[in-house]
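Below you'll find the structures, each written out as structure tokens.
You will see subunit A twice below: alongside subunit B first, and alongside subunit C after that.
Let's turn to the complex of A and B:
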């Protein structure tokens, strides 16, 4: 039997800024709340990050459990390798999305959450379907396991690249006639639209600061890393905190932290401290690798490469394109939110977005991290890359890793390609100066 | 004279190129990479320096031009004598090292007879050395380890028998020493060795210089040209393990792109199949990389795959291509996965399929995978250049030509006899530019 072992010596503690420490507390508190939900008689809903309806679930006093986030946490903590193999033992193929296998493996091993306490069985699976077919099959598997109800909330795919009135009314109708009544029945709590409005108002407030932080990367040097740092910045807003005071506070705090960095002319914080000189500004497409997250990140900051914008930080909402949750149109804005998430966008929209990012953030080029086990992201990526290259004239490159399966991260291979890419940018710069 | 050095630390061989200010390659050197990249780099660049000296000699003697019709012969003779002197020097080193081994505790009881045996073996090695470097003599390899190793074994066996001592003991002393010697680049002043080579040649091979002016004086004046190593750039698999600073390192993708451009300025697409990875590279009219793709975590379809097949068939790596060339009906092998291909191979052999057909099919499988990598990098544009070790394999080249023709029509396909130096060439040009800029 192959055993995946972690490193023998612990790497030095990563340097964290105050907002990271704060977020860590929030996440821990949430997992504690989840673990003790049943004791307090709270109901638990499992749902996905893209299109998650946290505000709505809060209206029913439900606690939100996000299996992808669990997989990510387990990846960062080097638990996912074992879980993935466990799922394979149960018969799941090597090529299946490793979030799914990490989740299934965790269940098989007693469903112990990242805080070391068992996670509660969900009372409902809220399947907000936003572009990834895997979601459906994943919840089918969970439904079989937990024998609980599944609510299917269908988001029309933006195949033509635009949202129509019909789409919104179709979704609002589902909310009214199906999703809300079922949640009422399962939770025993009556739906109160004013309560929803209040949560949405809070969401919008946090979203403003969140967008401000993401856009701060337009500064030179960029005070943030919008990919590696970005996964921390999206945590609360994409997860179980949207609509809460906690989220408002967190983003206010984060914003002031970033403001300070700008004032001091500083670059992003990395696990090894402040980043050195900014040499390359990149736009990145595709999810990161979590099992070797720090090593992966280091390959960038060691070379002075900072990610100024990424599509991944839009999987839970494209707020920087102007969308805000709207208390005046509560159900409509929930629908719009789901329609707008990155996975629900067609390829031309994704290309436009990447092109805009390169221009707006004055990036040197596009880097694609193609995820072996995520077909939703990977299909069409090379075509997107070519198109963005053509439109912007900036160099692009392609690397391949996986989400949470440590067997598919080859450091030498990734590093080789990254270094080549950085030097390619360098060479282009020299070339454009005519010094070939 | 200012020179610029490029070193390509490949996983199996390390290559060095020395370039002058006019972008002309004046020296090339190659050695096996061993486990010690630092030594490999030193040895390869020493080889390139030696080669550069011969270039200077050739220039001084106007080889090929009127008036010096014997100079080519003279230089060949000089090279043989130089190599011999080098060989003898390393032999001395090896002998000394072997004797030092005998001081170890476990040899104590037999140190006397062993010492005696070593003396005899090395005397015989020295005696036959000149014949190894005689005109027309064929050497299987130019690496000291290979030549000394095979001859040492022959003599050791005989001597052990004659003296009635255990062969393993002798071989043991040798095994311990050869690694040390191999990891110690030949010492001593190069110019001195050349002078000794000239002297030896005039004494032994003098007819080579018959009637054609004062060669020795010309050599002496060429030796007077100082080869200043202005800047060095390293690339390849082992680049990061070298004590180079960042400014002295370039990725092999960029180096192969630029190197291919220098060999063939019209090149737009480059395929490099190395030991560990395969790369498809697109470059512009200045040799600047526009795009590249390489194999992912799975290294199937790389040079190593052929090595595996050779082991599986109990053949030498270099025998694969020629055998595959004998096939007119390549087997259809779909798997580029090394392990699967091994299984298919055994399966087909047991079904009585011809070895050459299977081998041809395997070559095709490798190239199919390379074609997929190239197409992901942007396809093939005229001209196309094939570099890396596998470019020497004619069966692979045949499949490549066929598949390129099928997929992309008529394009010029370049394969340079010095293609193994492509990466080092690009690196040396980066070194030159670093100073010129």
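Let's turn to the complex of A and C:
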């Protein structure tokens, strides 16, 4: 039967738990703060999620604007497709990262933020160059538009899987001699290291609860979905809230919510309510698709598939691997934070991480969502898949979508792939039972 | 008779072509086998501190993908569709055993694909060393310079671990001197082509540079000197071609036919970004003082601007291309970017805007190392050449 959906038919409202609602409020409040920053005389810094120095920016009373988050918000609101095409009309290649094009298209269309209000022009572009080459060109492109200063803060790549003294010293020196003096000049606020220490202390507190929540997925059934739900959980800590009391409160609240779910033996909450029986536990590598987010998620929870760990929730920091912002070593700690973000880790480290997740979270296998326009994540994922499969003996699958370009989300394909993947897991289990 | 070169340009280019099409790297294999203890260290296109490999007594070997002659069978299984060709043909070279004699590989930090390829190499060929060369985007001696010196020092340690011998500063200085000769000869070749492009066809220039990627630098110096001498003894017919600068070929290599097609369509290429490593530094690298500092200083203050590099000064963005057009009396720019190449394609709109503001004509197309169909490119370049002539006549 064909169901004809009229243009006025709205999808049913997604069910949100209290922490999601709270987070939505936080995000909205942040966008409102951004929109009115100039009226209050606040300076605005645009910067990236991986390697964002929110605590440092707060020391200069700056508000942080994250272009990737804008692209995500526009993806979720189905605005990004038009923006991407607008950027392509302006001469941008169809081959490059769609976050960039969504951002540039949004700018071309008046820079209206996800809250419907114009976003302010940044006073500085803090180019925290961590684990993605696109960042560098993205801010060079924005610099032409905004005519504002761009500060390059380079993070060396963890090519050999270790942090060296020279890396830290390069980064700390950049902070001392370049980043901080420039931020002082642009903001007119003198740097106070004690203020930074205080923010870092707060960050660490929120980070503790954040990690607790992520690791709660070790329970069976998992009380959270660490990918689709995970993107909500990382919002405050990866974005503009690290270092604030708001973040501490949010994670405390989220933790108590998850504690309750565990006590009640509940699985994760989905847009359609509590998830049914947990049938498959997955580890997912790669960012999600945002233009069809709910549809994509539904393909999982309808089958009882829950994501127990994901690499995407580590793009803004690998806290579950023990890193915490450290008020006693403020600048070194900012450097270590940047060095440790997921895409700044080399491929062998990424493979180790996924392997560990499969073992520690007792997952049934690995699913890779390969993003068409993101080389930072995607180049090499097929090898990662094979390696993880080889090491864990668990089945893996590979799907391709895009972040915020709806032209590259083929629902039928994705669904087919997922269905055969779930079958593969079943077969593996049956084989295992047969062998036992 | 004394001035007569030992070879004609045709002889030299024939040798270059043989080296170019030999995907088993026989010359490098033979060099390695000739003396015990010799090492061969591969590097990916763009940039690598070749001097250090040389100082370690090794041969730096340019691995420039498989071109259009290599059938990629295994490599495609490692990459999804939306990624450029060069990493998959490089994997193919590795998996098919063509690089089995290489002792280590250097991966320059040109983009996320090569960056991830360095990790793939570690996983796939754990017995072969893989060294990622992280390049500075901060150009202060005290910041990016210091960092780069530490990268170079670590690279020396890595090379020493391959040979079992330390690398002395004197050895590095001596190697810098040989590479300075090479740079001087390459600059002379470029100058000659800019002055007399009809006498130095770009396909020949390209093959000469490629040859330098697979033979010892001393031999390459001799080859370049011989070519320069031989070319002066001949006059080829001058055509009424338009003079263009090519931008975009800094990593994945164009099929040789693509370069030929551009020239056949009525364009003289008078500057380009082929094989950048051969003229990364604009002038000689200093021979006095600490050689690692000299290499770092040359990198920071005297090297080519190119899409994968950060430009700290917005006012200077893209001016290198305008300068090249002026200096080489070019009439337009052809952007030939690799499909799916982030650095190139993200940079292109910025460069186009700069050229536009300087009134410099331009066209853009994409290619892959295995592009076969040259007709559309020839037509596009031909129309461009014609329109340049029309404009300049107006």
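Rule of thumb we're sticking to: the second predicted complex is superposed on the first by the 426 of 436 C-alpha atoms of A that agree within 3 Å, B and C clash if a C-alpha of one lies under 4 Å from a C-alpha of the other, contacts with A are read in each partner's own complex, and residues count from 1 in each chain.
The rule we apply is simple: a residue touches a chain if its C-beta (ideal position, glycine included) is under 8 Å from a C-beta of that chain, and two chains touch if they have at least 3 such contacts.
Keep in mind it's a predicted model, so treat the numbers as computed, not measured.
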item	value
Touch count on subunit A, higher of subunit B and subunit C	C
Touching partner for A:193 - first (subunit B), second (subunit C), both, neither	neither
Touching partner for A:15 - first (subunit B), second (subunit C), both, neither	neither
Partner chain in contact with A:411 - subunit B first, subunit C second, else both or neither	neither
Which superposed partner A:420 touches (first subunit B, second subunit C, both, neither)	first
First (subunit B), second (subunit C), both or neither touched by A:382	both
Touching partner for A:29 - first (subunit B), second (subunit C), both, neither	neither
Which of subunit B and subunit C A:397 touches, first, second, both or neither	first
Touching both subunit C and subunit B, counted on subunit A across the two superposed complexes	372, 382, 398, 400
Subunit B partner contacts - residues on subunit A that touch it in the complex	372, 382, 386, 389, 395-398, 400, 408, 410, 413, 416-417, 419-420, 423-424, 427-428, 430-431, 435-436
Residues of subunit B touching subunit A in the complex	250-254, 277, 284, 286-294, 296-297, 376, 378, 433, 437
Residues of subunit A defined as touching subunit C within the complex	90-93, 95-97, 100, 129, 132-134, 136-138, 140-141, 143-144, 147, 150, 152, 154, 156-157, 159-160, 164, 166-167, 169-170, 173-174, 177-178, 346-351, 370, 372-373, 375-376, 378-383, 387, 398, 400
Interface residues, subunit C side, partner subunit A - complex	77-83, 87, 107, 109, 111-113, 115-120, 122-124, 131-132, 134, 136-138, 140, 142-144, 146-147, 150, 154, 307-308, 310-312, 314, 317, 337, 339-343, 345-350, 352-353, 366
